[in-house]
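The same chain A turns up in both complexes below, where it pairs with chain B and then with chain C.
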Partner chain A sequence: MKLIGLRENSWRFLPALILGIIIWVLFKGLDFKQQDPTPQISDFPFPEFSLEDVRTKQIVTLDDLKGQLYIAHVWASWCRICINEHDVLTQIKNKWPYNLLGIVYRDNPDKALSILANKGDPYEYLLNDQAGQLGLSLGLTGTPETFIVDSQGVIRYHHLGALTFLQFENQILPILEQINHE
Partner chain B sequence: MSRARKGLYLVILLFCPLLFAMNEIYQFESKTQEQQFYDLIKAFRCVTCPNQNIADSQASVAKAMTDEIYQRLKKGESPQAIQNFLLERYGEYVLYRPPLNKHTWVLWLGPFIIVLVSVLIWGCFFYRVKREAT
Partner chain C sequence: MIPEFGLFALIMALLLSMTTVILPILTRSSISEASQIKINASVVLGQACFILLSFVTLVFCFVQDDFSVRYVAQNANTYLPFMYKLTAIWGAHEGSLLLWSFILALWMVAVLFVAKAIPGKVKMTVLTILSCIQTGLLMIILKTSNPFIRILPFFPQDGADLNPLLQDPAFIMHPPFLYLGYVGFAVPFAFALAECLLKKMDYPWASWARPFALSALGFLTIGITLGSWWAYYELGWGGWWFWDPVENASLMPWIVGVALIHMLWVSAKEDLFRTWRLSLAIFTFILSLMGTFLVRSGILSSVHAFSSSPERGIAILGFLSIVVVISLGLLSHLRGEQKQAFVLSPWSKASTILLGNVLLIAATLSILLGTLYPIISQLIWQKSLSVGPPYFNTVLLPMLFMILILMSVAVHLKWQQAPDFLKVRKYSVSLLLACVTVLMLINLTSLSFVAALAFTLALYLIISTLMFIHKPQKIGMIVAHIGIAIFVMGIVFVSSWQIEKEFAMQLGQTVEVEGFNFTFNQLQEIKGSNFEGTRGTFTIYKDNQLITQLFPEKRFFIAREQAMTETAIHSHLMRDFYVALGEPLDNGAWSVRFYIKPFIRFIWLGGMMVALAAFFAAIRSRCIKEKRVASYEIDRFA
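Presenting the complex of A and B:
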């Protein structure tokens, strides 16, 4: 009788157990840090484009980039985080010889240029993506974002948000060195 | 503040959203095209601010998506082709109504399963209580 009573009592914990499992699953779902909304963008060919360089007004295409490794960085002058991050990019350029491709996203080119005039210009090319079409083709979720593009024009890494010097050294530099050794 | 002035401020406040709405005017060739456009921009998630659709979002990427959808509709692309273009780049994450498949079945069927299990548990519980009472 007591055994049956225990069994009946244990039934009452089942709803609590199920509720506990649901709460745990939902709580795990709150961990956004691990999720890249565009995971498929790595190892994806860099989209074809034909855009004006903000400085030279010359048309640049994907063929101009091929044959060299590029760090492509999407930014805009209206993006406060991008402006704060800019010093990191100039530091990277001063310390390592990698090519930087700037993509000015839906911005007034003159404002972007005035920031570079004040804070330094680390870019080999500075594309004017005024309509944001290259950004869409890249699966951009916001500014700033950084991509590693290998010499074949394939995206090998996609970083969301502002980059710190430490993140560059720990996450991006090893990938660049690995690509260099291939 | 006089009643008339209060009334005036109220009218101005009421029309403020309209002023924002007037920022970008999209012209359409037909009512169907216009309907397709508004259906599409409500169906996609703003990837910068995930709790909004691109119709409501002021984010730059959402505006770029809206412009792209408009341009593609004007070129004669079907809503399905436009959806595929965005899906290819952003994955199912970009859809506010993800399709039912092996990754999303828990999302779609989970609530029904929870209700079913709850009803079963309560059923068993009441059955026992009733049996013990008699």
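Presenting the complex of A and C:
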């Protein structure tokens, strides 16, 4: 009798235990979300494109990028988060020797240029994706997004949302160095 | 000045709801119970008035285009049509929580006025518990998501506009109904806690909580159905359910809510399974809160993609934890006198309902696991992955089948005894008939085995339920169960016979799909108050007879810089034609998607039938309807 009673009692704790675990998982998940939105390692080819450079008005294609490692960054002047993030990119450019490819997404080129004039221009190329075609082929879910494109024109890494300098050093830099080793 | 007025009202509401909680403790000995009940009622009313005031103030800010209020600037625009200015209130986090609180206040007023048969003391306890929830919620709103924060002195000239996905008539109604459901489950939850607190075992707790649980379930069903309909035509993917985390978050309380109303019905008849019933009431509300958390914290990425900050997530999670600890603590302290043992046959109605309950809980836990698995996997294996429809379909389909069988059988069983032998023989005859139907369906139609089985079970359920058509008191059950059967049939037909084609079409070109001729007639520019775009004209012919003309659109929302696909749908009870304009291609052609969806309306028809049945059963409930009889019973209990 006592044994059964004990068993009945311990059954009572099962839902509490399950709920406790769920809440813990949710709490931890929240923590994760904070540190790291959604890093994605991928190996898709960068889509073909032929777009004007915002500054030089010259046509740039995918072939121009091949042979070098690029950090491609999609942004726009109407995107508040992108503008706040801009300093991080300038910092990256100042500290590391990697090439930056800017993609101005569905934006007025003049507005984009005026921001660069104010805050500095870290980009090798600055593509004008006014029609949003490149963004569409990239499968953009929002701005800003950052891609690492290797010398073969393959996307090796895809970062959603704004980048912090810490994230760059901890997550992206190792990948860049690894690609450089290859 | 006006937004501050709203904030002031919100603070007043918080103070009053705190008063409701503290007053009974302070005045326990000094004031008579009758006057305590009176004070409680008036404070609850006052609190509801202030929340209403605060809600109306926010509406006013939206209508006035007051972009100095941050929430308005983020979610509205001068060119936003008036209807959407009203609905933009629940377009984002702050307003959604205010709506949550407003609806909770409405439910409290409903408890106060509608349930006449409930004794004052019980009502006061229930309202006090609900006030505790309200207090927590208002604190969260004021601390982390105050909708009245201003951007001063330099405020934007124009707002950022409402997310275009949400600019849709179905979306106007979707969140309020969903919240009416979520929040409504707070009432049976409060009744469960009151039962644990007051320890009056002989009160008819189940029949008191039942109308509230039923109407909450009805609202939640409408909310989910509207959401599914909205996803079908607004997201432009042609599906009606995506096992998206946010959808799952609303489905889980629904399933446990279904288990709860059945258990409440059993308990209202016979005092059985008390702990199980109380746990269900508590878990339904906890799942509702968890749903709010999942949607509002942005912890899981989903089509709904609500932006968020972790601070808000932590606030809601903390609230959830407090609710869990208190309610489970109260539940575990419940010690009733042992009821005398009775014999319950495994083939009785009561035990089949219990078995159905267990299946529903198992289904909920599977959905919960699938929904949280991405987080768990990131936590343990540091891998981000998503769990898709294959998992959910594989796991839930067998459970759905078992539940369908139980539903058809259970209604014919006796309360506590096994059925007699004659009936068993009748069942085996119908089982044989069902097997024959499955085999015939597979041979004669293009249905797969699973689809044929599902269809047969649904048919079986309809026939078995219709045997009660002569009993008007069972009308709620009949409509709801047939609704489920129709819903299942809709799924079977859509998944077996739908046609999805994609073409690159030039203007003037005609393509043939399953005997229907689709022609791309025209392409024109359009301009709305807050968007511009392109509209295509398509005609559908069958045997040279015009069936319909469709106008799918591609819209570009100016303020948000966001492109949206407006699908065009010709709907008919028997079949939907669905045309979506894709992207323009290089050679002047457009990519165009044609879907033919047979019987997809059945899915939502089934949902609406369930909702209607729930409301009907709620209105018919004894505690609302038969006031005199019930109060007589209370006298006897007292």
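Rule of thumb we're sticking to: the second predicted complex is superposed on the first by the 141 of 182 C-alpha atoms of A that agree within 3 Å, B and C clash if a C-alpha of one lies under 4 Å from a C-alpha of the other, contacts with A are read in each partner's own complex, and residues count from 1 in each chain.
Keep this in mind: a residue touches a chain if its C-beta (ideal position, glycine included) is under 8 Å from a C-beta of that chain, and two chains touch if they have at least 3 such contacts.
All of these numbers come straight from a predicted model, not from anything done at the bench.
*Asks:* Once chain A of both complexes is superposed, is A:R106 in touch with chain B (first), chain C (second), both, or neither?
*Replies:* both
*Asks:* Examine A:L140 and indicate which partner it touches, taking first as chain B and second as chain C; both and neither are also allowed.
*Replies:* Once the two structures are laid over each other on A, A:L140 reaches chain B alone.
*Asks:* First (chain B), second (chain C), both or neither: which does A:I83 touch?
*Replies:* neither
*Asks:* Contact-wise, after the overlay, does A:I23 reach chain B, chain C, both or neither (first, second, both, neither)?
*Replies:* After superposing on A, A:I23 lies in contact with chain C but is clear of chain B.
*Asks:* First (chain B), second (chain C), both or neither: which does A:L14 touch?
*Replies:* first
*Asks:* Would you mind listing the overlap between the chain B footprint and the chain C footprint on chain A?
*Replies:* Residues 12, 15, 22, 38-40, 76, 78, 106, 132, 136, 141-142, which sit in both footprints.
*Asks:* Across the complex, what residues on chain A touch chain B?
*Replies:* Residue list for chain A touching chain B: 8, 11-12, 14-15, 18, 22, 37-41, 76, 78, 105-106, 131-133, 135-143.
*Asks:* Show me the residue ranges of chain A that touch chain C in the complex, using the header's touch definition.
*Replies:* It comes out as residues 12, 15-16, 19-20, 22-23, 25-34, 38-40, 76, 78, 106, 132, 136, 141-142.
*Asks:* What residues of chain B sit close enough to touch chain A in their complex?
*Replies:* Per the stated touch rule, the residues are 47-48, 50, 59-61, 63-65, 67-68, 89-91, 93, 114, 117-118, 121, 124-125, 128.
*Asks:* In the complex of these two chains, what residues of chain C are touching chain A?
*Replies:* 279, 283, 286, 290, 293, 297-301, 305, 310, 313-314, 317, 320-321, 324, 328, 332, 368, 372, 375-376, 378-379, 384, 561, 563, 583
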